[in-house]
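Consider the two complexes below, in which chain A is the common component and chain B and chain C are the respective partners.
The block that comes next holds the complex of A and B.
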């Protein structure tokens, strides 16, 4: 398989145009340390806040004795619910209007261990830290419910919008010749980006400046603006570089309000850095999930029915839904289907988004279950997937825009050597190593929100691209430079991209794997507009070097403008700008439909997700697809699992930069290996504490855990999915990794592990 | 800021007299001291920096054995060719410990004195009860998250695992801890928790580790270290074993065997019952398997760590096979 490129003349390693394998243009500043991350700013007069967290998981704060802390040298303020400047509740990310009640970032009622209850602000970080230890909190403690395994948590309550049903699944299951039913579980998992969270907040009058890593500049700016009752334009949020987010940096957290309140009360810039242990409780990771999946099938393995019942943990006071039926309902053709989901409140921080929320655990369930069915009916796990291949979206009953999953199966199986698999379990071995092959598919939807971008042509020929959209490592800077270079016809080195600043044009959330598609679309449109204006200028301006040619149009290539009538007449863009006396040409364009172009809708589009289109809006069902082939080696005595080989074939549509897309895929696969084998928040059931709240004990993979990863692109441009033909990239590749590994472990050992992670004690 | 006095020792004697003062801790590589200070476990009033002391970082190997200065870095000892030749288990244990960054900072003396990773021990703000931190206050780990906790050498007061790799190799080969002139066998240096889990070693106030020596032996020369864990690198052992074997002239009868265990006990653990069962026996699979089970004869599990009772003998068995092939 090759990467199908709309511009086949490009694609070598140095190519800066769209579809080329250009290295990240933000790489050098990151490698040299020149990139300025949020916490690396030191505005004049800055002071330091340290947050105090609850040590109980359930109960009430009776008293906070701040006397010793206030008397401590350097302490400026001990913030508690009683003295904190009141702020308002804000519109939520879906666009739901705010509550009437004020927003209280410091809790009086404790619903989880690690909840912020006070903060100390001092001249130095060390003073604030020491004084924070002197604050004495008295609680009225009640017994917590620490997980949905606690019988007192009950069954939770149903989320009706998650219900998906067609046919009569229960009846079809009851009469199916083959039936299997199992429960699949995933534990709490955490984002643990290498850059911990935090911010610096500075007030100048009613102007609030925030240095804070952000996946959504405009959404977060709106929240801060509404908290403090100031206009959106009065918030300046800066986040040009982000050390990883994986879904955890899209919304302001309570500590953000604490820092901004303290800065306002003290009229000093306040830095508040979340500690590594606090990254387990200051915001939520992926909730624990459980799914019961019953499959009914013919003796040949043809699916007749799927009955899916699931639940995820949520917090005591809020609703977090991890959509567990999202893959279950679209992966296979099945005539009868029923999926329902509950959420179960427990004493935890509200769970958040972690790479492919929903699709990730959903695929773990269905992709293990289909594997179990393959063994049950005695056919190859790859064949059963082809036998039940969904030719259209079985839920939406719409054709796929593109679904190159069959091509992915073929390409991946070929590259992996799937045909060499011995069918029986525990039948492949080298010395003490049991060898197993496993396969599993994954998918992630194409989410679509209109975008906006500014493209400027400057007098020196430099092209400037500007957006509040962000680059958290996925390559936004690079692909936008490539997009503008391609559209205008200039070398990529002449394009400067500015991102991550709320003073720049608007952008929606960098989440749901949508940003690359919507931003390349917006930049493409804006760049063409700028180019058209430049050409118009060159044709019409009386001082233009092309004035005398009487041309209808001009071409631009490599930064040189020329006439089709006279190829020898090329003139650099900068020269055209100089001769015509223009210092800049600028085009601000968005891709909003006509009906969303008024000021309110424009604002809503970029500060909520209310205008985001579902993958089935329109004539097609739009998704990215992937398959992972895995070889594991399991020590026969120790139960240790090592992934020794892995081939993944993926359909993300057109790749704007294959090198960066492959890098994102590999990052997702590595995260998936960690999820399969290592990651698990260990919760003390007696008191709700996450006991391994640090990177020494919460294990993510090291280089030694990761084999060479082969990724193969099988996508073709999908212009239904996006303006330039790309589909989802960033969240796709983690989906399906864990079940592929679990399936390989079963093949190796004959032991079916249905609860992640697959640690050694489950195999000995 | 939690204030403390910082003293830079100019000599070993200066360091020792400073260390005799109450609430005083020595600073070498700092990888444990600073970590535990951040957790709120260590709150010394005085920190005595011994990193500038001369002559405490020597590594010498001769016919008698190895002499390793207390300030020698883990990475240097691991890479030392003579250590690798004469005490391969020591080198392997060091290579498989921690991360490259920590191995470059941490010293051998500090390595021995590293403290448990018990999460309850490490979080005094949330868990006031810890017999190791506050004698008599109780133990939160017994009925808590204890997947990594010890199954050997535990008491009703404490089940915290001694986390180090190096010491498992040292205890196998009868290494001696030098506290200046006083010399203590490493097996005696580390104490069982009993009713006093806060007392982890035999060092008195005003003493410091100046060196360790490891007697040369054929078993040490034919040794290896096997560490089993879920993550390939940078993780503490679920179970580990340092094993050295010396054969009789027939190349199959075991004359001497040394077995040290890591990751499963409250102190570096010498598996003497296994050694006794194998000494004089011919190295063959069933004998090894049966003997290896003796490693956990006295083991007690507490819920999450039950698998270690199954795992540890398997690790011992494999390590014996591995070292047997070397001997």
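The block that comes next holds the complex of A and C.
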């Protein structure tokens, strides 16, 4: 990888330079309604599909009576497993080769409630919806295992790669002077982006165009290509704007195959938008989890041993692992450690990724447990964290690249006023409100996949940046414009960024909080290459205005080129391009290591996660860190909990645009408040249905649930972590919020709630 | 069942004659029939607020309103809040300045609600803004910035 000397500006300038607080450049189209999201296209002849889901959680579809639906006005096709065009299985996201068997997006064998079994396609949305209600399905139903609380679900089976052990944890625990052991639980939680999922699929010959919100253009394009046996280049996937994803829009879902099959069979573009209730079962959110944590410690609160046993739900036919030992194993220095994890198959859709998969529930366990230990030995919850501070990665036994967690504790405690905390529980009160202070830390790893970008300098001086990478609100458009502007030396207004289109240069998944770092790195490298070519042209071309100066270098600032030999005169980039007769300079660069630059590995890098480096690959262990300080107010009569104040201090390394990074942090914190107090997928234990599959019953935070939030950046550039010094941002800030709130509720009330969410009936 | 009826709608000051079935919602009429896609469909059941538009100056959920119900009434959508190329509405400008959105999908509904919240006289304090903006969900979590934006826009509009 190229080592690049960069300007480490870390200021608050609102100009276009990297590190400046530039307003998001995709803002104007979003506030005027002009941004074109996926479902907002109107290809000629488009028709509408509505998907029909199973009403049982376990069993078999015996018969589908489509007669009435087919006779309904406007209906073009009722798609069932019996008449659907067969398609192939595809390579999975890890790169594992496809199954031999065909892929059947409509099920005959039902393993969860809400599984797609048929679809109706009609001329209008209203006709398709009405006709779908006329399809009659007969089932042969068997008793479902609705959740891992059903005794019949058993203990599941172990995932050996999750096992982490050092020392002799059981023996050390047995002789520890202080021992505590508790179980911590999180329910099924859902991504709930406000833009529901769906797509428009259009075939033109063997060319498939898809308008579909996507966190991973190249990975999803590969899947569609393999399903239909067409070359990757024959899939055009467009997703310039995405109405939120939070992990749920990285892979094609079964309804995607349904739409593309229907479009091919009818030779008409098909729009398929799943309903809001279907967003709870057409793909999975975070699985329900449970963890037992036993801590052994000295009487002074120094950890001697951690024994961690955990499990998460998975589907009946697939493996979903929520890594529950990920924070447990790195947050504290401990000489003896054991973590093992099972997964338990139940009749649910396969769980998926939701903001900080693994780290989020993992932190809920260990950050509550360490708080319990602090009260047990009678020391301040902040002090116990400093007492057990991990000076290096206790699992990988490598130094941290950067870990500004000590600085975060100090900055957060100061801003919050932690010193004013009264040590005893139930000791702070205002009228009918019990007041509690809580603290918890969080972390998220730095994930690294090489990137790619095209940077063009056009004849009019415009700089164009192009990538299939995406912006679902993280700020990709803006920070890539800032990166190119700074590298080349032009005003940011002259940079145009094109994203979210499979015809553009490749990009890996926008997940694991990796995209900003890898894309700024790739754009930086490509922009410097374009700049070098421009300078070479200006020095060497016989028609260049700089030709006579015999300079061996030129500088570019504010879009103006000048020579150190004649600093007084400068020439605009557009003028240099005009004089030299060039219509464009373009540089396509990737940050792949030499051994992965061949065609196959290049394709694999961007369409699977098989080249993603672990956070401990190399000499360092690389993670972002954060701490949350929370004040809650609990109504003494009703048990209602309000978060009244919150300060978070975060180390995400260098911030490319603090204004946008702060927004992402606050967004994560707010989702964490929802997780702590509101969010819970309620499963009907009799039949396996998710009962609250809508936004009136699955509660997410509203504006009135959220107080002012203070976020403090304590990061410094970490060039081990990424080319330009950033670490993870998007998934970091949710980690640690729920335990901080649970700890504050305990401080307020003396009641320890170990199963989320913390609802009022658990406090009265 | 495909009995279409012709209705006359006034959207953003412009008259539209539309042949639709009576069961078509105002939201689907705007998005699918008039291709005014600035108004968003988030839940289609009146729970998220993404589809908020103004009918005769009042905020309504267009997913719970049939298109035929608004015949003869003035409908304003996000596209009609400010003229293309002209200056932004103060609420739009404040949303941009305060980074009051991320993915942008709930944003048109938030902005339409914010304009009403201010007009209704419910932007007197941050707590009041929070309460009267709570019909619009934002999963990216822009709430604190939305409160800032509404507070600032209210000053400009008063």
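Operating definition for what follows: the second predicted complex is superposed on the first by the 751 of 764 C-alpha atoms of A that agree within 3 Å, B and C clash if a C-alpha of one lies under 4 Å from a C-alpha of the other, contacts with A are read in each partner's own complex, and residues count from 1 in each chain.
Convention: a residue touches a chain if its C-beta (ideal position, glycine included) is under 8 Å from a C-beta of that chain, and two chains touch if they have at least 3 such contacts.
What you are looking at is a predicted structure, and each value in this text was computed from that prediction instead of being measured.
In the superposed pair of complexes, A:689 makes contact with chain B only, with no contact to chain C. In the superposition on chain A, contact is made by A:33 with chain C only, not with chain B. Of the two partner chains placed by the overlay, only chain B lies in contact with A:678; chain C stays clear of it.
In the superposition on chain A, contact is made by A:194 with chain C only, not with chain B. With both structures placed on the common chain, the touch criterion links A:133 to chain B but leaves chain C unconnected. Judged by the touch definition given at the top, the superposed model places A:660 against chain C, while chain B stays out of reach.
In the superposed model, A:244 makes contact with chain C only, not with chain B.
Legend: residue contacts after superposition of the two complexes on their common chain; A:83 is shown touching neither chain B nor chain C. Of the two partners chain B and chain C, it is C that touches the larger number of chain A residues. Judged by the touch definition given at the top, the superposed model places A:702 against both chain B and chain C.
Touched by chain B in one complex and by chain C in the other are residues 124, 126-127, 130, 696, 701-705 of chain A.
Within the complex, the chain C residues that touch chain A are 1-2, 21, 23-24, 28, 31-32, 35-45, 47-48, 50, 77-79, 81-82, 84, 88, 92, 95-97, 99, 101-108, 111, 126, 129-131, 133-147. Residue ranges of chain A in contact with chain C, taken from their complex: 23-24, 26-37, 39-40, 42, 72-74, 124-127, 130, 191-196, 241-246, 273, 275-276, 472-475, 659-660, 662-664, 666-671, 694-696, 700-706, 708-709. For chain B in complex with chain A, the residues that touch the partner chain are 1-2, 40, 117, 119-120, 123, 125-126, 140, 143-145, 147, 228-235, 238, 306-307, 310-311, 314-315, 317-318.
Per the touch definition, chain A reaches chain B in the complex via residues 55, 113, 124, 126-127, 129-130, 133, 432, 635, 637-640, 642, 677-678, 682-684, 686-687, 689, 691-692, 696-697, 699, 701-705, 757, 759-761, 764.
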